[in-house]
């Protein structure tokens, strides 16, 4: 693979907007999602969930349930292997995952899975749940992050000791780990700064809110071979996790990816699949498990509530000189909040010589958090970008100028360590400055705010095959579920390399046995990493085509190049063909048609661990209108500017920018988990977990900046994560502009904003 | 020799040393060399860390090449959404 | 296995006798509340008496004598009825604030009333226009005011063998109009955090001669606020009078803290919506008199 | 085994018969009995609109209609939107505008938008946003969906007026 990112290259398909190849299936209702699949003789599974936020399980008696006609099996944690507490690989602890899938000894949150039933109908399975008798010993619970860290707090895990402390503690704690990033001498730099601003921020637990509930079907044959049909962000992950949890060989499980109805990070782990597999093994029948919406809210990974303290020091000349940050993130019932990512992101946009960042991962009696779009970054940006806005006001500097003065660029050392290569922060700031929105007049009770967001983006493993058909059309086989148009982007890259029409390429998301390992669709990696694999596999096909042509022409392969889907003879080869009166060009269709007689099928393969993911920056601008009597905020205008490196399919890049902004707007204004005193989620549905509806949003303007990523053949950066990072601070800054009130607690809902307005005498 | 920047969280092993020059052709050799110099550190660096080599973040690397002039950082692993 | 029974009578008498057969039994109209509630509990035996096929209960009769609104009339039909929108705009506003288009096509005014949610949108609007409920039972029919019909959160005057048949609303006097406002955090799809219905009658000189104010979601049931009405009767609806009415509503509000709002927030907004609803109703009344 | 009720309905123009239990919703029966899984289920409480269908011309949530109620009714689902090989203009515009990402909400939006344009052939952006507020999309921020519906209204305008 070359380092040239094609900035000099003329593209035929890259940057065009073909209709996605899976589009017709999805507008006609033909596409099959997780719950759209049945098998003959299939049983239906439902999960019994804890009515307590924290309790010891004394006894489970399923005899009455098993006696109900139509009930075929009931399983508890006794039916799955108990894993050693320290069984982990990378950030995933499989003992915790096993105990999350089915509670063992203790339930750690309201909704924690306790048992599962397989029956001949969903109604019978649901009735059976009400017949399972569980003897609980309720324990004191803790729902607040401060309380969870306080001495004497109810301890969730007796074996847990805080990691990352200077000397290892011997007392159990709910603080799972502490991490730290430092540079320079922050205390001295703060002491020398012209002024210092210190603030505390709080954000609420929120959910990814994908519209498709988790769903799967599992079937196990008499020989122990299991097939799982599931919608997820990674069927290889489903396979690996299920095998690990159930102590099965990976070769015993095949996972067939269904279309996925949204994930945003929430479908990067397993909940139902291991249960369906065990039930299918127990009953010898196919088992389907589909969550209700209520279960999705109560028991799947939300994004953490957080508590963040930041202290910024700045000089009158507009230079930010030092920052001190403390981040406390709720992990939920098991360790593993995205606090490390939050800590690494919080100062990433700033060129800073002196800082300390501390991150704490805290467990409490809420569901185990899962990844949510740029995991950990939005709360961190809320804190940093709101204080930056305060500094700009204090200094009476334009907020974009202040950010530009302190912005990282190529060669800057990122707060999280390494030096940046080519990045587009300054370019995005300048693009927004030029946008008409930036100078547009504001109406009464309106205000304007902006904020910057950062995300690393990811590489990881991808595999792809490009198969040349007999007529010169092609099939792209890869293994990343298409969550937002990636089939189209990957087909575009294959078409670009092969030099054929994009509609002559069929992209296929293959099952775990039909293509090499692909890591999850997540981390904004598919177009980057899997795209890289598709490009390499296509180049492999091109190389083979050139060889075939050389053999047919009986000339030296080095004299054959690839142009617009044709092998073209050059140099001596071209001379020879000219003497023989032959055309020096051979189209791919001709090479494909003759393949059988020139060496057999032509298939290109690539499996790689993609390096060189390009960090993404975005800057958002929002106008709000505030009803000072009710505290209601309306979003009246929204503009997003983002460095995409290279937009392969601009429509879907814009779509990611708009969708991320909309999720950020919901997070900022109304979304929150509301718990009652018993630790029961009070709003486990779309009626009271208030995600934005069409009427809540304006059109969302997008400006795609392209600073090519030098480590991708086309210059691609990930685009999916970063758009959710700036909205919260941008809106908080706009509310301040409109009302003079600083919101430092989420959500900025009407009651919370009206309370602040009243306190400030501005209602 | 490659320059390794060691984060503060490893100071129990490094005694606060932040920059080390290491002669290594890949990550495995680099971690071995660090473990010889700071006994016990190797184990901490082997599992569940990400490494940035010249600004490129790689999760859980082993044989990733390290250039003589490379700058190497150890980071917490990052999961994407 | 616990099963559901379904019956779809075509006359009120059939429906009433179906209800009288005993056992757990529920009139079933739009189902937008009932089906959701049933699914939130473990399966149970239940008889559903679908009343949407009873012509008398799904009809709108509007004339000089006022409005007779079938209890099973969908909110959508209410919102699309031209005469209704001209005559009782506040009632129509309440009906078309309920849920989405999908919900409005199923949800009924009678169902909204019988579900007896403290936050039901149509109830304050119905109280504001002085609506009465016609109830059919084995012993014949009786009439109660909407205000008295709802007795608490989820409870009404209806006995197990009774059925709400229709709502009777008196004609709107000259130079009178109504309005309904609710507050929700989103633009659509939420349950009222506060609801306020108002109807006013103006003298030719613009003086307010009669008024009814009703609040929702700030007490166990929706209720009228006579003090708020008294505060504007006799006034020219000047700011001072409106503020007195708002204060009366804040005073009368008796809300709870829950996932949808706090006590103090609901009190404040009850005042805000009272003022705004009166203004809208007054503007409409003026337009009518001109 | 539970008793089943016999129901006759016209679904996408075809006389259809099915057996169902009284507790089953219309969307359950469409999906499980009739294999018409284009009607999606995101919440079964009427809040997401993914199961939107037309019942006797009215836009409803299939999850809040009992299948037994459908006896004698006319039902239109996403499967009935295209005619033969010809996509409905709304479907075509959704593709051209990239108005879907994951696509799970798309059938519901299309059915709801069809009902809108039959009720109001020339809606304003606000009217489209109001009408479609019963359909949740978490991927797109609605922008491209609204644009697609407005564009479809334009192209259909000829026939509509």
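Note that the chains are named A, B, C and D in the order they appear, and that numbering of residues resets to 1 at the start of each chain.
The criterion applied here is as follows: contacts are C-beta pairs under 8 Å (C-beta built on N, C-alpha and C of every residue); 3 or more make two chains touch, one makes a residue touch a chain.
Treat the numbers as computed from the prediction; the structure is a model and nothing was measured.
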item	value
Inter-chain pair with the most contacting C-beta pairs	A-D
Inter-chain centre distance, subunit B versus subunit C - centres from mean C-alpha coordinates, in Å	68
Distance from the mean Cα position of subunit D to that of subunit B, given in whole angstrom	55
Computed distance of Cα centres, subunit D from subunit A, in Å	29
Subunit C residues counted as touching two or more neighbouring chains	1, 43, 187-189
Multi-chain contact residues (two or more partners), subunit A	123, 208, 263-264, 686-687, 692-693, 695
Set of all touching chain pairs, with the criterion as stated earlier	A-B, A-C, A-D, C-D
Touching residues (chain side subunit A, partner subunit C) in the complex	68-70, 123-124, 126-127, 129-130, 294, 629-632, 669-670, 674, 682-683, 686-688, 690, 692-693, 695-696, 749-751, 754-755, 758
Subunit A contact footprint on subunit C (complex, rising order)	1-2, 40, 42-43, 183, 185-191, 193, 258-262, 264-265, 268-269, 272
Residues on subunit D engaged by subunit A in the complex (per definition of touch)	21, 23, 31-32, 36-45, 47-48, 50, 77-79, 81-82, 87, 91, 94-98, 100-107, 110, 125-126, 128-130, 132-147
Subunit D residues within the subunit C interface of the complex	2-3, 5, 21-23, 25, 44-47, 49, 52, 55, 58-61, 63-66, 68-69, 112, 115, 129-131, 133-135
Subunit B residues touching subunit A - in the complex, by the definition given at the top	5, 7-9, 11-12, 47-48, 52, 54-60, 64, 71, 73-81
